[in-house]
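You will see subunit A twice below: alongside subunit B first, and alongside subunit C after that.
Now for the complex of A and B:
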């Protein structure tokens, strides 16, 4: 016969387990995928009324979902694959509620892959938006972020090759005109730059064109204030200075028509106090491949000359960007953050880093390693 | 006690007295007539009696009377009822009134020796015995034999002579106990009683109607042997002996079941298997008290340490090669008469995922197959719960494109994911059960038709999504990747458990469920061997033959958890390449031109 005490213990444990499981409220309030509307992208624009924000939600329709998965169980619904819902309010919550009213299913932010911020958003509104988005539990913090001055629908409408345009930005933030520079910024990186002193926000700018979205410019922000949009050439310089350059080509017509192909470059920023003065260093190192040369076979001396020339060119480009950022007072490379990491007490003395940064002495050094592809004879 | 013989012996003087005295006879006749009148009056008073019932009652009373008479005749002042008294008439009466009433029991009386003519009786069960052996090797020889009986009629001498010189059967024993004789008789032996001797001869004339050896149906093998056990325990032993010719292979016999008297054999290799293990198995089996042991599976509760556990702790196999291999590893096999599946103990979880097929191919192929088995298990067990958890509770954990695909496949479906899974799994279980019960030809058709028709129709009807068909198909296949059929059952039950947890608590529930299963597995042990061995406790030596199979050269020792007396199984496989002298000479000459 079983020991009654052991049975009591088993029952007690079972009850405790049941109560513990019942207390897991995070599980009970979840809803099935069937009862949700997936929000694939969100756009944030200033509303007509001051102090309000217009939030756009790009959601797939049942017809779009069915045609995408090839399922026939819906009976062949027709219509656009994606619709855009709009909500206006003083906060994201209000805008969300307004947009929710236009659909009978829960708007679900767990699969939002793209966030678009208008460059016309006020600094105050941008701060509130990022703060609020940071606090939404269901929102994934890894979607790509971009700035634009174009309407939300126009940006999404320029990606013809995707059934659902927001998915274009799901994995690799790239486009036909921007593959040389890794300009993609994820939401957590944006949030990190906004709340970290000593570094400013840089967002890629999306421009709708007939060939698709063009991402060859970046928008500079001082804290949460939009400052300027760089030209494509300045953006390339930013890419080199920030170590985001990929597949960039350098051509040297005076050096045997040598053509160098960047594989990648790395940039290291350091700031320190030397003899009572702030000194910053930007060290760039690149790896390149000698793609072609007029002599067909290069010598070690030729490679050395090409390397020196390429390094000087990279340093000049990076220095130009540093001067530009100092002019606009946007610490895009994070010299202040480097100081805060290395000497936090010193950095704490500079309450307003933006007053210091334009006058910072920055030394730019560049080096390049040229890999030879081998003899072509 | 009332005795017909006593009555008969005492009636003669009484009759002569009656003849002497008419008055006394008249008074007795009067008493008898009076008694008859009383009986008639009593019978007349009884009304509504069923004549057939009365007839049956009288018949049964007659049989009982006959049996009582036989018993009484066998009674001897110094002998017990269980002993054979040496009186052929008494034996005949006792047999005829007892087991002999059954039509399959043959009782044959004859006279032994052409001149001596000693009364003898022979009995056997028709159908279980080799009648040729009885006719030619026993009765004929006994009737014709004459030499010994001319020398005298000492019963013991006759008995010895019959045992040594007359009976031509290979296996003859003697027995005095009536109860043991009856059991041997029912087992197919022929019992020979000789007048005047207190012991009977038990002649082994057993000839079972055995099913021929067939190919294994539950554990198929491509490259391995194609032989399975049948129901006869003797054949099972023979099949093992064929594979293990060592004299150390021991078959210890037990009899279980008061009525069935089923033979149970405990097989082990002496000098290799841990004696404590053998003793423990025998001890556990010896406490079996049951009226009838029909199938060996009835013994599994005795052999399992946790009888209510879902997981099998006793491995049953119909393959003699598997049993032989397990015996050489140091395990104990239990053979049960009338059961074509032999039980092997002790076992670990990994044992149920090993087959002999693994040792018929290269270790690469064997390792791949084992990994696929475990992959199948995890897919089968976790795919539907994961589907439910990721579509109902934690959709944020899926990649966006997959979510869109799933959401697209679910557009317009009336059932939530959990009901979708339950519907499909119910259909699969019904199909499976129906295919098991139907004849083989029909079951194949049913399985195919069911899978195609139901699968296609249910998607077309918009009840489940096409993705669900893929998931359930993988589940149904995955749960049966275990080479051991009975290992599929616990996972099929736990599948429902995980479905419920995933629906209620999502991924957290699945993790919780898996932890609970793991805890239970870790708590199991069989004959002191942890069920999760060699993973817990960790034993590197035994790990070489679990998830993957190392090359034979690495598997030179027996499993440590069995604690065998002889640890080393084989020598290290260091083969020195020896060039062929003639071939090398020819090649050298060819090179030199």
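Now for the complex of A and C:
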């Protein structure tokens, strides 16, 4: 070992200390909470000037942050739960700077849980926005995403006061026991769909109602171009075709008034070339609970007939959605993607998948497993 | 020149294996598995296994060289075996290479941290803090470093497996878990070559090998191969999960694919809902360890090469300073990436093949000199 009192050791220590003073400068981003404004949700709308975007930042107020379901009388601060800041610019950065100028606190995107896109945004602007959002490091990739044709304040303003806003969207989009269809899309799933060839974007649509924002419709996009919003009935068909049904009900008045509840399904898409022709298959498998039947108890024969009928119904619904998506030329289920992943060279031959998709032959198959409730009488 | 007395503390077989393989997963966060998927598409998994095989063979080669004179480092014996100029050239190459590798790792991870967590903090402040922490870890010498590594690396491995299993909840394309049979050889080899960048760090075993406790060298080799197999397995799992979550087309666009995958882990109801983000912070340990091992190696080689006696501490200070100064000119992570891809990867591969190859050929041609060198560096008393 070297002599501990040698000059080398002294020089080494001096060097280390000098380096420490220079390089261990501490965390420059350390800001106390009261100088920071946590952005909860962001909305993107076309601005009055063409080529500009209006970005809204929903910021919870102290009243919004302290409100808690069931504890409205706990003496928390009163007032509106959210305030909305607005910035306009050619890019998110410009709009952000404009919004930042309207507050003396640091706008922080690290806790954003919801992004709302207007259906009126141009395809070019939507692409530019998603690109920019992808690159914002502090913004997590997990916020829920939705489309709307209503103003931002109208949608956000309808969140019931007793709900803690950050958890509200979690319940709205990813609660398997409280939603009929799982329509929730997170931001990373949105950008994933936009950058993957052979599949198109589908976003849930938020409609303001008195009970809060309703989610029973979806918006279809071709690449980044908004195409159409489906009706609630068509949205159910989409949910079944995409394997997103969790609590759909089916009623069969001609089969002993049988009622199937909790219809939950999975869907699998495959596309291949058979004898030189493209052939696509959509296979759905569902499970359901026999909630009630007029005969009080059911026989195996009755369950078999109900199952067959239910499977046909599901297949018909899914096929109706496929036809609708072919009419709109929106490959919402990803038939092209299935081909691209199974046979990349074959997919590469179809340079414009959207010219192929409307003419694709799709076979739809469905099966259902019914859990019988009357086994114990 | 360094003498045996400098190298009294010896590390165990397990510590040796940890030290030479700890960097693999660390470097993975920047690249893995983009180069594989970019070039080979869905068959990238086979490319990873090809990389594992190549790393195994090169590891065998480097250990064979280590066995030639098992108690002295390459920089210690090369002058006597290969002649002075060659030895100097080799030491210079080793130092410059490890320095560049350490700088590249610090730059890349500083940009990850800066981009995700610390947008207002200048990159030099992040890279400076990272390098100094590494220097502090390396300050206590090889034994302290090995123990610190063992204490931090193993919990991190457990967390990695935990996080991979958490990410499986986000799998949306289970069909992609099955590897395809549609294999084209050239893109596969191309992808494997570009991905090999995460395996290029184990040259340092040429310096580390003589520090293994006497009699544990063979065991150390075995453990290293096992650690490599474990890492290839962990990377395969990560590959499968990333592929089945994003699909091959989107992986290409992900910024730091592994970091992006951790960032989508969102557990509602869990105390820390952004678990993945926490994991990226913990990843700092791997990078700090990676740089610390390199700094130790650099300081050791520098003190062995110095014409006059240079203490390990001073050499470490100089190398730390060189690393910090070296990170300053990098304007962005892309430049560090280019440095890795165009220089460090081919030069690292050349080192891994040529250096052990040359030393072994010369060793065979000069059996007398080899025997003398081996005798001169007979093991001293253990501590």
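The criterion applied here is as follows: the second predicted complex is superposed on the first by the 306 of 377 C-alpha atoms of A that agree within 3 Å, B and C clash if a C-alpha of one lies under 4 Å from a C-alpha of the other, contacts with A are read in each partner's own complex, and residues count from 1 in each chain.
Basically, a residue touches a chain if its C-beta (ideal position, glycine included) is under 8 Å from a C-beta of that chain, and two chains touch if they have at least 3 such contacts.
All figures in this text were calculated on a predicted structure; none of them were measured in a lab.
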Fill in the blank from the handout: Max touched-residue count on subunit A (subunit B vs subunit C) belongs to chain C
Practice task
In the overlay, answer first, second, both or neither for which of subunit B and subunit C A:138 touches.
Solution key: both
Exercise for the section: Classify the contacts of A:33 with the two partner chains as first (subunit B alone), second (subunit C alone), both, or neither. Expected result: first
Practice task
Go through subunit A and flag every residue that touches subunit B in one model and subunit C in the other.
Solution key: 24, 27, 138, 140, 167, 170
Problem - List of subunit A residues in touch with subunit B within their complex - result: 21, 24, 27, 30-34, 36, 38, 40, 60, 62, 64-71, 73-75, 77, 108, 110-111, 113, 138, 140, 164, 167, 170
Completion exercise
Listed in rising order, subunit A residues that touch subunit C in their complex are 1-2, 6, 8-9, 11-13, 15-16, 19-20, 22-25, 27-29, 134-135, 137-138, 140-142, 167, 170, 174, 186, 188-189, 191-192, 195-197, 268, 337, 340-345
Problem - Residues of subunit C that touch subunit A when the two form their complex - result: 5-6, 8, 41-42, 114-122, 124-125, 128-129, 131-132, 135, 139, 172-173, 175-176, 180, 182, 246-250, 253, 255, 260, 263-264, 266, 268, 274, 277, 310-314, 316-318, 320-321, 324
Exercise for the section: In the complex, go through subunit B and note every residue touching subunit A. Expected result: 391-396, 398, 400-401, 403-413, 416-417, 459, 462, 465-466, 504-506, 508-509, 512
